[in-house]
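Below are two complexes that have subunit A in common, paired first with subunit B and then with subunit C.
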Partner chain A sequence: MIKIKVTTFSGDEKYIEVPEGSDYESLLIDLGINPETVIVYRDQQVVPLDECVEPGEIKILRVVSGG
Partner chain B sequence: MVKLTDSDKKRYDRQMMISGFGEEGQRKLKRSRVFIAGAGGLGSTSSVFLAVAGVGHLKIVDDDRIELSNLNRQILHWNRDIGRAKVDSTKEKLSQINPDVAVEVVKTTMTESNVFDLVEGSNVIVDGMDNFPTRYLLNRVAVEKKIPFVHGSIYGLEGRATTIIPGRTACLRCIFPESPPPTRFPVLGATPGVIAVIQATEVIKYLTGIGRLLANRLLIYDGESMKFEEISVRRNPDCPDCSDIQKS
Partner chain C sequence: MEDVERKIKHSIRRYKMIEQEDIVAVALSGGKDSVVVLHILHSLFKDRPDIRLVAISIDEGIHDYREKTLKTARQICKRLGIPHETVSFEDQFGLTLDQMTNVGERAPCTYCGVFRRTILNRTAKALSATKLATGHDLDDEAQAVLMNLLRGDMERLVRLVPAKKPGLVPRIKPLRSVSEKEVALYAIVKELPISFDECPYVSFSLRAEIRDMLNVFEAKHPGTKYSLMKSFDVLTKSLKKEDVDLRRCETCGEPTMGDLCQACKLLKKFFPS
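Presenting the complex of A and B:
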């Protein structure tokens, strides 16, 4: 299992564990977040959702569409 | 060559004092054409700051009419304008704010079939839209025509901004691959104000060549905690919108 710290756009922080080989898209789905509504970034860089989860910390940013 | 009049030199004196700006920067603005997509919360504020800065030609496209519920944020439109086309209100106000700026407005819905003609001749495209499908359309046109595209979006007390330079930076689709579902978004009027002023600053920096653009950087504004953050973004080599231009 991979342990990861997740900070959501509301500022909530949580630690979760996901199986080795999981991608960020499945992580979001496990968290109950629609992947179409957010981007994920780590170390100030956006990560592709089909990339495998690595240990550490990620932040989840809401995609906002208003103007 | 575009010349500055005595009136120009007085009106723009304070900004021409900015390092690297000068009379040459003002001449660059005067001969520039900026396309503003939308005359809502973002577009009405960015257009004001582009007009007062002396951008020579502003083209604003919007298909909507003013409603009472717009007035908490769309500062160019006033109580007496309810029911008017947003572009008509925009043209009237901007022309009064700065009569030296040519303001062209088009009341239409931007679609695949008209957007290429609409942006023709523009030096920059400003994103003042409220939905991702139209933003993707503008992104594609910007990429194909190699016109810089200054993105802004908002929700509640949050905002995002980035500057897309086709062929050099991530495009909108590289950063946001999926369109979020349409939503009736909450918004404090000051939020599009913050983001639109950043967009106008980016446009002016690009046109005059001063400063460092928000290129490959996504600026995140969180008004609730009152903080700004930025994240790096990268081109997606498989991006359906810009991978061709990356290879060319």
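Presenting the complex of A and C:
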């Protein structure tokens, strides 16, 4: 399992574990977040959602407006 | 990112959005969509001496929100060297949106939509603009099409089809084939100043439900939004109305279907005399 820290747009921080080889898209789906509505940052860089998750820290930014 | 630029160029060409000698007014709120439209039109046309860009921002008078996005709007115009005009509800109509909402019976989005449309058209004309560009993206357009279909509002559906109407500066939507997420990514990668603030009057309306539904479909079946717009484009060929003859509003002279335009009708409630 890979352990990572996730900071979401609401400012929540949590630690989660995902199986080796998972990508960021499946991580978002596990968190109940629609991949169409957010951008994922790692080390201040946008990461493609089909990339494999690496241990460390990510930030999730909501980009789809409300209303 | 080249993909986003290519799609936008393709839309501009395909729908003949911008032609020689055009003066394009860009409706600039400071949100990501409008900042990206301005940036892309600037990069596409900056070397064309016959095409000019000008930005219009509207200060509706929304406390603690619009100040911030207007700052972003000024910043991007300064950076790109684009003339920038800001027009306020208060100057044009005597009331801010906050005041209208406090006093009036209608929803804030009704006042905002009607008055904003009027000001944009009026200001675009005053600046001799031949086109008015807005930041509507693929998500906005797909939501509008599906919402009008589900409500059975064919009149509004038909209104999404561009038509020439005397007195109205033609609207163009260069981002209509780019999703909201792609627009956000573009803005972030190009390090454009954008404001992620949300309007305090945002309501959880039917549109929000449709937005969520479309995003669920898009995630499961990539291409859903694009397909919906493709179908709409085919449908519009049969939907296309005759270019309507509009009258002039008795009070302000803006184009309207009836005697008074929507803006003047709403204003009459605030200032009855």
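Some notes on this structure:
Going forward, the second predicted complex is superposed on the first by the 63 of 67 C-alpha atoms of A that agree within 3 Å, B and C clash if a C-alpha of one lies under 4 Å from a C-alpha of the other, contacts with A are read in each partner's own complex, and residues count from 1 in each chain.
Note that in this section a residue touches a chain if its C-beta (ideal position, glycine included) is under 8 Å from a C-beta of that chain, and two chains touch if they have at least 3 such contacts.
Values in this document were obtained by computation on a predicted structure and should not be read as measured data.
Contact with both subunit B and subunit C is seen for A:V63 once the two complexes are overlaid on the shared chain.
Partner contacting the larger number of subunit A residues, of subunit B and subunit C: B. Applying the stated contact rule after C-alpha superposition, one finds that A:P35 touches each of subunit B and subunit C.
Once the two complexes are laid over each other on the shared chain, residue contacts for A:V46 go to subunit B and to subunit C alike. The contact surfaces that subunit B and subunit C form on subunit A in the two complexes overlap at residues 34-37, 39, 46, 63-67. Here subunit A touches subunit C in the complex through residues 34-39, 46, 63-67, going by the rule given at the top.
Taken in their complex, subunit A has these residues touching subunit B: 9, 11, 34-37, 39, 41, 44-46, 48-49, 61-67. Those residues of subunit C that touch subunit A in the complex are listed here as 31-32, 139, 179-181, 184-185, 188-189, 196, 198-199, 202-205, 207-208, 211-212, 215-216, 218-219. If you check the complex, the residues on subunit B that touch subunit A are 38, 40-43, 127-132, 135, 152-155, 158-160, 175-183, 185, 187, 192, 218, 220, 225, 230-234, 236.
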